[in-house]
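There are structures below to look over.
Each of the two complexes below includes subunit A, the first together with subunit B, the second together with subunit C.
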Partner chain A sequence: MNTPPESLKQLQTHFSEAVFSDQRGLIAESVMQQGELSAEQRVGIYRNSVHGILWQYLASLYPVCNQLVGEKFFEGFSDLFIDQHPPGTPFLADYGDGFSAFMREHDAFAKIRWINQVAELEWARHQAWHDTNQLVTDFSLLATLTEEQQLSAQFQLPDSMQILHSPYAIHQVWLAHQPEDYAGKIPLEEIQLQQDDYIIVWRSERQLQQVQINEQQWQFLSAVRQNKSLAELSEQFQEPVGVLLASAIQHGWIISFRNY
Partner chain B sequence: MSNSKILATAAITSVLALGLTAASGVMAADEKVEMEKCAGIVKAEMNDCGANGHACAGMAKTDGDAKEWVKLPKGTCEKLVGGVVLEG
Partner chain C sequence: MKEHSCGIGLRFEHIDRILKEQPNIPWLEVLSDNYLNPNSVQQDYLLSIAELYPLSLHGVGMSIGSVDPFNEDYFSLLKALIDRVNPERVSDHLCWTAVHGMVTHDLIPLPYTDETIRYVAGRIREAQERLEREIVIENVSSYLQYKQSAMTEWEFFTAVVEEADCGLLLDVNNIYVSAMNHNFDPLDYLHAIPTKRVRQIHLAGYEDRGTHLLDTHGNHVTEPVWDLYAHAAKQVGNIPTLIEWDNDVPELEILLAEADKAGSIQLEHTA
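Right, the complex of A and B next:
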């Protein structure tokens, strides 16, 4: 009795399984052998090609992590990640989320947890870069609001704004791996790793901005992101609220407001 | 006047004191600028979209690569040293 032909869906499923795992048996039944290469070897060419592209892509997303663990380890670790987290959308820029969580679960990183925090920073940079640019509001319009409207006003961060907190000095680690001479950059071996870091990353026109802020600024921007009104921000931050707000607007960390 | 109201009013005053008005580059929503792809003038990591064997914006590896491009208002590219307008 002849085996019924595979449906297109089955064929695609088996091909995907072959590309993202070592299970090449099922797809090999549907692939012709040619020349000296077996069906499994021919499918393997596709697997290597897909893995190669995704590994290079991950290396470009996580360049500091790549340097920290070494290219050879990074490639092997990426292979594991790619098999367990194949792309879920046809847009490559979506790929790579969860890499830091995958690191956190892996035994190899048990004693170097700070590296997966660096991965979170690198993913935040990627997300910020791929968000849209927005126009900045004319803040002089605040003067036209009534007192009640001013109190209920809510402020908006750029959509690209990523607000991070880490128990490790990941901003310094990131700086230490950049070729440019940024202010405050020190060699990796001189960095005191165990210290809280508050960082924001956002996109301004065609520039990606990454700035270390203090804990109060971090709390303020987090509160703004929660859509707290000016009255609520004043209640929470008391006297520093004026400086926090003006400084955030001046630096481009707040780009507009709305009132109800 | 409650303490929060006083603080909020002072905060608004601080913002207004900055004298920030709309950015000079702000355009009206209905104003459209025709754009074109301009290659050969892009700094590393500043390119638009996929080209040159990589998949992503911001992945150009060198300054001024002949295959990397950014979108510019039409007519700008021909004024730039090394700028080449790409079709499409």
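Right, the complex of A and C next:
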């Protein structure tokens, strides 16, 4: 059994307090005074470095929020988040969940709630990008099933599919901050912010896709996610179910089915 | 004509171009922690790259010097990635990055003591057993020294890699940065390392912050580091060398030109 030395445990505990709580006193007592910098300043280089790495990472995850609030505010807000929610795994891509919830709880965002909704969209994009690929089923096989088997069939969305609903026009806000030209892109100041937005984000091969859908499509995909059978979907959506299903398959929003 | 063995770090912004144009690069180093998720788009790209170039996997996630237990998920994903891409080397750093479940994603130095040597060498041996292969350990830049340290960094580094029986990744830029920050002669460091254990060399750019040099990996390799690299090349021979550039990543051509410059120095001093 390779037991860590007690002195090393204590040193790392004190160091983490400096990095994530800005309490540098205890670790500074273990650090040599050299040259122009005090021991606390030397420890501070590490705190700044850790926060710099994580702040830059958060800025890359939430680029539109960064633009909306300004880099200086974003950096300061990230510092608060990092101290209160330090990363818990060696997988950096896991970090940043909860950033929008942290925004929601912060007074600075009380009158601009829509920005935290934009953060949720950006986190959804991040999740979709990092989720796994699946093969697309040959849907012609659906026709080979008996009617009873067809009615019991359940459909699957890509694992990467994120289904969002916001009371704000966050898709338009996101588009307005992209350097590329997109159909329907309008300047931020012309966007009617308070309108329901239904959005899906998913990854197809090496491409991230983000599409605005209507309320019925959103309800349909949400029902599919709940593993409702074709019979249950037909009952819920009545006649349009055929169009909804065909459109979802055609767009790659549904990639496979299973029947029991 | 003899060819050099100087590669570059694979950066995501260059992947499409590398796959399309397949430039002549002896090998690529990959930040393994970004490619661990199976069936992710990153790993998907990496498998394509692995068909074209020899790879070295380089990470920060082992947290070799931490008092925390190893992260089981991290090691199982890293082992699976190793099995898929068959890298020439797998490396991490002589430092700690996480404690009490909090992960800094940064490289924090260890105190240079006998008990730390025994503990860290044991951790490296365990990591090698888990991965069923040699791992290569890199010296880090540092901005402070602990009062409890009882030896120089190079004595500590040498003792750890010898006791762990592992490979050594010699970061020439890190030696220079630490030498300037702690006022020692970088050649003393270089001459003390066990040459036979050196598997790879790193070169990178730093920033002069006035009171200290900061290892930013965001700039060209500086002249004093090129000079030190020439000494290193003479000492260790034709060892695979890498240009590390992680921040403000430039166009691919700039990285390749920097690798060619390293290659010229390598060939000149190992002829």
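Assume the second predicted complex is superposed on the first by the 253 of 260 C-alpha atoms of A that agree within 3 Å, B and C clash if a C-alpha of one lies under 4 Å from a C-alpha of the other, contacts with A are read in each partner's own complex, and residues count from 1 in each chain.
We take it that contacts are C-beta pairs under 8 Å (C-beta built on N, C-alpha and C of every residue); 3 or more make two chains touch, one makes a residue touch a chain.
Bear in mind the structure is a predicted one, so any value in this text is a computation, not a measurement.
Trainee: Clash or fit: what happens to subunit B and subunit C when subunit A is overlaid?
Mentor: clash
Trainee: Touch test for A:206: subunit B only (first), subunit C only (second), both, or neither?
Mentor: Both partners.
Trainee: Taking the superposition as given, does A:129 touch the first partner, subunit B, the second, subunit C, both, or neither?
Mentor: Both partners, subunit B and subunit C.
Trainee: Which partner does A:183 contact after superposing on A: first (subunit B), second (subunit C), both, neither?
Mentor: So A:183 meets neither subunit B nor subunit C here.
Trainee: Report for A:143: first if it touches subunit B alone, second if subunit C alone, otherwise both or neither.
Mentor: Touch partner of A:143: subunit B, not subunit C.
Trainee: Taking the superposition as given, does A:31 touch the first partner, subunit B, the second, subunit C, both, or neither?
Mentor: A:31: touches subunit C, not subunit B.
Trainee: Contacts for A:93 in the overlay, against subunit B (first) and subunit C (second): which applies, first, second, both or neither?
Mentor: both
Trainee: Given the touch rule stated above, what does A:234 touch, subunit B (first), subunit C (second), both, or neither?
Mentor: Touch partner of A:234: subunit B, not subunit C.
Trainee: Applying the document's definition of touch, where does A:50 land relative to subunit B and subunit C: first, second, both, or neither?
Mentor: second
Trainee: Considering only the contact definition stated at the top, list the common interface residues of subunit A for subunit B and subunit C.
Mentor: In the superposed arrangement, which is not itself an observed complex, subunit A uses residues 57, 92-93, 129-130, 206 for both subunit B and subunit C.
Trainee: Which subunit B residues qualify as touching subunit A in the complex?
Mentor: 3-5, 7-23, 26, 46, 54-59, 70
Trainee: If you look only at subunit A, which of its residues touch subunit C in the complex?
Mentor: Of all residues in subunit A, those touching subunit C are 2-5, 7-9, 11-13, 15-16, 19-20, 30-32, 34-37, 39, 41-43, 45-46, 49-50, 53-54, 56-57, 86-93, 129-133, 203, 206.
Trainee: In the complex, go through subunit C and note every residue touching subunit A.
Mentor: 33-34, 36-42, 44-45, 60-63, 65-67, 71, 73-74, 96-106, 108, 110-111, 113, 115-116, 119, 122-123, 126, 143-148, 182-183, 211-212, 214, 247
Trainee: In their complex, what parts of subunit A are in touch with subunit B?
Mentor: 57, 60, 92-93, 129-130, 135-140, 142-143, 147, 150-151, 206, 208, 230-231, 233-235, 238-239, 241-243, 245-246, 249-250
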